[in-house]
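Next come two complexes, and both contain chain A; in the first it sits with chain B, in the second with chain C.
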Partner chain A sequence: MDFYFGLAQIIGVHTLLGLSAYIVLLTGQVTLAQAGFFAIGAYVSAMLTVLAGWPIVAALGVGTLFGAGAACAVGFPALRVKGLMLVIATLAFGEGVRLFFFNFDYQVAKGQVKVGPVGGEGFRQIRYFPEHGWTTFDVMLFIWVFVVLIMAVLWWFDRSRYGAVLRAVGEDEIAAQSVGINLTAVKVSAMTIGGAIAGIGGGLYAHYTTHIEHSSFNILVATFAIAYPIVGGLASVFGTLAAVVFVQGFLIEGLRFLGDWRNLLFGALIVLAMNVRPRGLLDAPTLGRLGRFGRLFGGGR
Partner chain B sequence: MLELAQTSRHFGGVRAVDQLSLTVEEGRIFGLIGPNGSGKSTTVNLVTGLLPLTSGRITFRGADLGGVPVHRRLALGIARTFQNIRLFGHLTVWQNLWVAQNSPEDHARRGFLARWLGGSRRVRAEIGELLEFSGLAHRQNELASNLAFGEQRRLELARALAARPKLLCLDEPAAGMNAEEIGELAARIRAIRDRGVTVLLIEHHMELVMDVTDRIAVLNFGQKIAEGTPAEVQADRAVRTAYLGGGDK
Partner chain C sequence: MLDLLQAVLDGLLFGTTYALIGIGFTLVFGVMHKLNMSYAAASVGGAYCGLLIMGLVQGAPPWTVFLAACLAGGVLGYLVYLTCFHFIPLASPLATLMSTVGMLLLIDEIIVHVTDGMPKNFPTMLDDEMLRVGEITLRGDLLLVFGVSVVCMAGLLALLYRTRLGLATRAVSQQPVAAQLCGIRVAQVNAATFVVTGLLGGIAGALIGASVGALSPLLTTPLTVKGLIVTVIGGLGSIPGAIIAGLLVGAFENLFQQFRGVTERDLYVMLLLFAFLVFRPGGLFAPKGGRD
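Take a look at the complex of A and B:
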């Protein structure tokens, strides 16, 4: 059973990673910086629980603020450029963060042992959950409280005027400006919210794996972050969740019995999925049908 | 209300707009006509801020617009439509108007959170009125990209009005319309003027321009070659030459 709880943890954290890119993608910006914010959240909150002995929720909160702060700071200069230039600029930031942690040593003696991040070796013994007697199931529940909360908030944003404005900017920047929308404010706010979500995700990730290192935040992670919302479809937050379940649950775990052939099939199946459902796994018409189905059996309106 | 003083916009060696001076008075419908490539759309882009001036000065209600970004100009009261319709196609008709509510009045009436995160209920009446005015009420939940061409033009006009402008720049609003639709458009432009909105109308369709405008300026190669009432402009020799080409007679 622990295997499935562990899988649910992975799915939860990757959903947060995908959602952090989802809100930025709504404004039409492609960002490869999400792995950087994820790393910042992971290192900051892990250092707070391990080195400073903070409780987990407070440490996650500070990690979130750091993720949001970094995203806001990156957002202002980066969002002045567009398209491919933005991809390169955000990629440079993400790699910069990774290389910073590759060189970052900050060890403190705690009893007999020294703890803290050591450059290339990474940051071991992030043992907040085992030390406090949390089972895999408890940790999974804890992670999913955040996932559900954040999905609910983003779902609400999507239905508010803010969500419509994000999509308007994503669709036509010139028209959006001309109806009085401040492009910089909208894009930086989306980036900041995305950074905050990546920060929480990173903090949770660091604590359930208990060991992080620079390579846990490489370009592949950044690519996954934008791949989830794109594969799942930008119609709603549920698309991102569906894509994470598809990729992490089905493609990575479900096909494990195929051995080395899995990686080949993995790519092929993603290409197939995008061809069969070009607007994402859960596009707007599918969501509409699901909504009617729900009402039919929920007795609703 | 709107004043252009010696404004120029050059693209390399091309003088798209050259030393143009205009005054649009409040409460009027001001027409800007001219052959293709005479600098009409460029003028609108200069007024709305999508293009920076090469030289000259534009003032709106006494305030210099130099360096004022596009979205701030809307807050000052300048809205526009586009020659090639630019709607938010994946938003509904209703949402297209919703996102455009960025006027200072809207800012003053609703707090920050209500304005951004509030649901659609609070603004239903205002948007409903605009939809009624544009004849789009029955299409409000349709995606903008699914509308017919004429409906898209009406929606874009409504979207510009959703920002409660004081000056509305219409860039060839009749392009691609049939005679009946143009008649409706003329009535709608007058109704907009009667709501207290000054209109700057750029148009190729002469009947419409002569019908609705109070005053017309004629551009050719970026320069103003005539200005006056529709009757005066029609009688002007330079204008006839510019449009019909030909002689030095």
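Take a look at the complex of A and C:
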């Protein structure tokens, strides 16, 4: 049973990663910096619980603030460039953060052992959960509380004025600007919210794996972050969740019996999915059909 | 001072490979206004195929590996076009971005699968030759890299500015609709662009293999990042920009490797990119009236 709880933890954290890119993608920007914010959240909150002995929720909060702050700081200069230039700029930022942690040493003696991040070796012994007697189930619940909360907030955004503004900027920047929307404010705020979500996700990730190193935040992670919303479709937050379950649950765990061939299939399936469904698995027409289907069986409203 | 000059010269020579990779990214962007993220991976893949083909022919001279890699790169380029661009509507830029990322992962994994993740020795040429100019030493293999790259770039420019295919390519990159009205088959030109960039990529992959002395799947990610950085610094869609930016990044990187060590050098390349994004967001040679 613990295996499934573990899988649920992975799906939860990856959903947060995907949602952090989802809100930025809504404004029509493609960002490959999410792995960087994820790394910042992970390192900051892990250092707070391990080195400073903070409780987990406070540490996660500070990690979130750091993620949001970094995203806001990146947002201003990076958003001067548009479209594909932004992809490359954010990719370089993400790699820059990874390289920073690759060269980052800060160790403190705690009892017999020295703890803290050591450059290439990474940061071991992030043992907050085992030290406080949390079971796998407790950790899973803890992670999913955050996932559900954030999904609810994003779902509510979609029904509010702010969500409409985000989508307006994503559909047509010039039209949005000409009805008086402040493009910079919208894009930087979306980037900041995305950074905050990635920061929480990173903090949770650091604590359930108990070991982080620079290579856990490479381009592959950044690619996953944008792959989830794009593969799942941008029509709704549930697209991201569906894509995470499809990728982590089916492609990675479900196809484990294929051994090495699974990795080959992964890239090929992404190529195939984009050829067959260029607007994502759960695109707007499909969601509409699902909605009608639901009403048919739910007695009709 | 001498160390500094030596580091910059070595970097400049190796930078020509970055320039080739950057040209590949920039050419596809210029023609289709799309990013082909799998380009660097396909280039390394082409070099691997070159090794594979050379292994089949007994006693082939080492330079044939370049020819084989070039041809394999061209074939790979066409395959990438077919799987990632041909069937996806132009109106969904995210879909092609994602499909090429999928292709990057696929090519990477195929390489790891076929070679069991071990680096493969690549035939080196002119390895022991040195050219001494006063106190400065120029490595023979780097000079070879430089020479071959310059020949390739000259060939590409001749193709673009002296042939009918080149004329069609430039027409499509300026105004796809007008080009189509003049009777140019846009899909064919797009496919040809992918084949041409693939041929270049195969040579670039082989050159990198020859100067490093080995090919490894670990090369693809740094090459992708460097190639994209070169593209941005040079200005998206500008070939002279990509050449100059490639040399610049090569020299800059080698300089910092000399003084700050290999683990930190890429950090400074990122800083260089950010300096460009802040002070000159369009790159060195920003094409006028970009339709991004």
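In this section, the second predicted complex is superposed on the first by the 291 of 301 C-alpha atoms of A that agree within 3 Å, B and C clash if a C-alpha of one lies under 4 Å from a C-alpha of the other, contacts with A are read in each partner's own complex, and residues count from 1 in each chain.
Here, contacts are C-beta pairs under 8 Å (C-beta built on N, C-alpha and C of every residue); 3 or more make two chains touch, one makes a residue touch a chain.
Nothing here was measured: the structure is a model prediction, and the numbers come from that model.
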| item | value |
| --- | --- |
| Which of chain B and chain C A:215 touches, first, second, both or neither | neither |
| Of chain C and chain B, partner touching more chain A residues | C |
| Chain B versus chain C as contact partner of A:135, first or second or both or neither | neither |
| Contacts of A:175 with chain B and chain C, given as first, second, both or neither | first |
| First, second, both or neither for A:107, with chain B first and chain C second | neither |
| Touching partner for A:165 - first (chain B), second (chain C), both, neither | first |
| Contacts of A:96 with chain B and chain C, given as first, second, both or neither | second |
| Footprint overlap on chain A, comparing chain B with chain C | none |
| Chain B-facing residues of chain A, complex | 156-157, 159-162, 164-165, 167-168, 171-172, 174-183 |
| Touch list for chain A against partner chain C, complex | 25, 30, 77-78, 80-85, 87-89, 91-93, 95-96, 99-100, 102-103, 119-120, 218-220, 223, 226-227, 230-231, 260-261, 263-264, 266-271, 273-275, 278-279 |
| Touch list for chain C against partner chain A, complex | 29, 35, 83-84, 87-89, 92-99, 101-110, 112-113, 221, 224-225, 228-229, 231-232, 236, 263-264, 266-267, 270-271, 273-274, 277-278, 281, 292 |
| In the complex with chain A, residue positions of chain B that touch it | 48, 50, 69-71, 74-75, 79-80, 82, 86-91, 95-96, 98-103, 115-120, 159-160, 162-163 |
